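Following this message is one structure expressed as structure tokens.
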């Protein structure tokens, strides 16, 4: 039940976005990918999703991603891009229901499982009240939550999300982070048939690219810090997100403190090189 | 058994016999088959009767769906034979026989219309809507397709062809003979000097070699400058060419001259006016050259007179 | 404020709603077809019934039936392919003609006219049109196949359209006679007059596989609502969906244009009218657009026959006359663009 990347490297033409990287991610983890702009976070995420040509291999539960049928892979790994495209003004509920496409046979009407998953996803993102509205009538933040619900509706054991809270107000940022943590931790949160069979299966693997270091520190179980295409640190949040690392890689002088026992990290001053 | 509806001197068009064969093969219903068989027998009897002998059975009924075919039918058929001619034949701007055409029901060239007339034979043009021609042939109607006339000889050939198809071959032969005689008379009366002439049609078009107009001009003893310069059939005439050729005779073909149009506006071009002032002008109404009929030779006589010094 | 109650799914939004719409439109199309079978046109204008008893069965089976069938098949094809292309290109202005299939087919037919091969019996005319349509598809693949992204495809389609139109104009310019030129022009305006069952038999083997290809891309079109990346993450290869739609359209539309000439606007108008009623789902739009296109074309063809006596109006003209005001209406009531 692990997502394993071996020597994965991504290049766009001559520019190497991600140098050969190996990482093992397991279910039950909420992993944050952090780092300055252009560090290769999105490239790594897309490579893990199998959406990008890359060298090296990515395997889920021992199976290489490109050896899996597209539908099988789609049921195992759900992905939410950074700026999701949306071309037709569907109803929010129907947009979320698109997440069930990998589970539905051709021509089959949505079944009870599909309806249940859709409703569950709407509840998880607190968008049930928006369900009957057309998505082009929603605010950016509301739309972002509906699109996240779409990714949740897949109920895949692996959820890869690129900056899921960038557009959200503080209330919903906290709500989504808590929800993702619960999704990662809670057993039987997914549709995966193997979940009950494997003895050590736990919840889901959630990997999120984040810019908010406080939220990453508070909610994530593991942090990968990337800079210039390399994973410079991979550990628990309190170990990775220390002042020195932030000064070095983000070039900001942070205020690192605790409040009510939880970490609080504020970028305070820019550092000149 | 394929019908031979063309006189022996001119081999049937390949599509013609194909049409008949297909008609035999693809009869849609027994009614049509029977009706077609009756028609076939009637026409077969007609074509085998000796020329000059009175026909043993009534003449086949004729429907025509093409302007030139209409006028040939109006010229050759006896009035009770003609079921319908196309609507263009009744328009004096298009047809030389408009007054005559108005006496008959007019059709717009669709198969369903023609079915209601129950014709024995349909006369069409080579460029009549191919779908209509195909459908009529499929339904078992003999369809005669006339190529547009490109010479006076073609007029005679089409006269004979239509006459044969409508069961009056002797009439066709007679008219062809008259045509030939008139041709000879016009040729004999040619002026000694053949003036250079240019045909100017609305829109700046002119006629070249291998066209009816050109043949008539040659007959009338007039030199077609455009044809001499190598133009084939039809094409546009630049004002520059017109000026440089210094024509002695300008031939204008009027077409809906009373209607203002861009095409007619070219006839008012100043260059053209200049050239006309320097030489002579002849007006040939468009219907004379749109289709080939015995009446078309009137235009040759007209040109001859205009060409005479 | 959190929502605790589970909200029940309204039944009308389910795909069943789209089937109801398809059913209603199919009934409409059949009603139009039945009407089309009994309305004819003679020299004195519209007629009802089948003429005298001796020609009735011929009129029905050889004249009305092929015309009605083709109106349904061609209209359905245009509606279906228009809906699919709009779904594929994510643009409500896409039309089956965008890819060059129509203009390629028209040029193929024009060549047949030009060389004088369009004799009364020959199937050269439709065959030429089919060859032209497939040649346009081959050209599209040659130009855009490697990169294969939507922008390249659209640009390639525009280039092919322009080229085919230029070649057609060239052929018109050098037409052997003014009659040939007129013949070409009238054919290009689109018509169903005097088509026979032969033409139905010619078009159907192209349309059927074309429809199947297009419909098999239905779910991919839905996934593409979310963009290529998300569609890929849902297991739908954008390229595959794309070539299914394009290949199917070229086949089906090529077959249609081959027998009727160029009929525009149906593929543009019908999906627009129906899109709101299927909740903007590209997949749910396909079948209703088929029946809607069939109904619209059948009705337009009936309208042609109801005109006062005179030469028959061309089908392409009628659909264009219907389409232009529709477009104006669209512009006037334009919604803001959907979110990117």
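Going by the order they are written in, the chains are A, B and C; count residues from 1 in each one.
Keep in mind that, in the parts below, contacts are C-beta pairs under 8 Å (C-beta built on N, C-alpha and C of every residue); 3 or more make two chains touch, one makes a residue touch a chain.
Every value quoted in this text rests on a predicted model; they were computed, and no experiment measured them.
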Central chain of the complex, centres being mean CA coordinates: C
Distance-maximising chain from subunit A - centres being C-alpha averages: B
Centre-to-centre distance between subunit C and subunit B (centres being mean Cα positions), rounded to whole Å: 39
Interchain centroid distance [CA atoms averaged], subunit A/subunit B, Å: 80
Subunit A and subunit C, separation of their C-alpha mean positions in angstrom: 43
Complex contact set, residues of subunit C against subunit B: 40-43, 51-52, 54-55, 57-59, 61-63, 118-122, 125, 176-180, 182-183, 186, 191, 193-196, 198, 309-312
Subunit A to subunit C touching residues, read off their complex: 46, 49, 51, 69-71, 73-75, 77-81, 83-91, 93-95, 98-99, 101-102, 104, 106, 109-110, 115, 118-119, 122-123, 126, 128-129, 131-132, 135-136, 140, 143, 147, 150, 154
Subunit B - residues contacting subunit C, complex: 14-15, 18-19, 22, 28-29, 31-32, 35, 84, 87, 105-113, 115-116, 118, 125, 127, 129-135, 137-139, 143, 145, 148, 233-234
Footprint of subunit A on subunit C - complex, ascending: 2-7, 9-10, 13-16, 90, 216, 218-219, 222-230, 232-237, 279-282, 335-336, 338-340
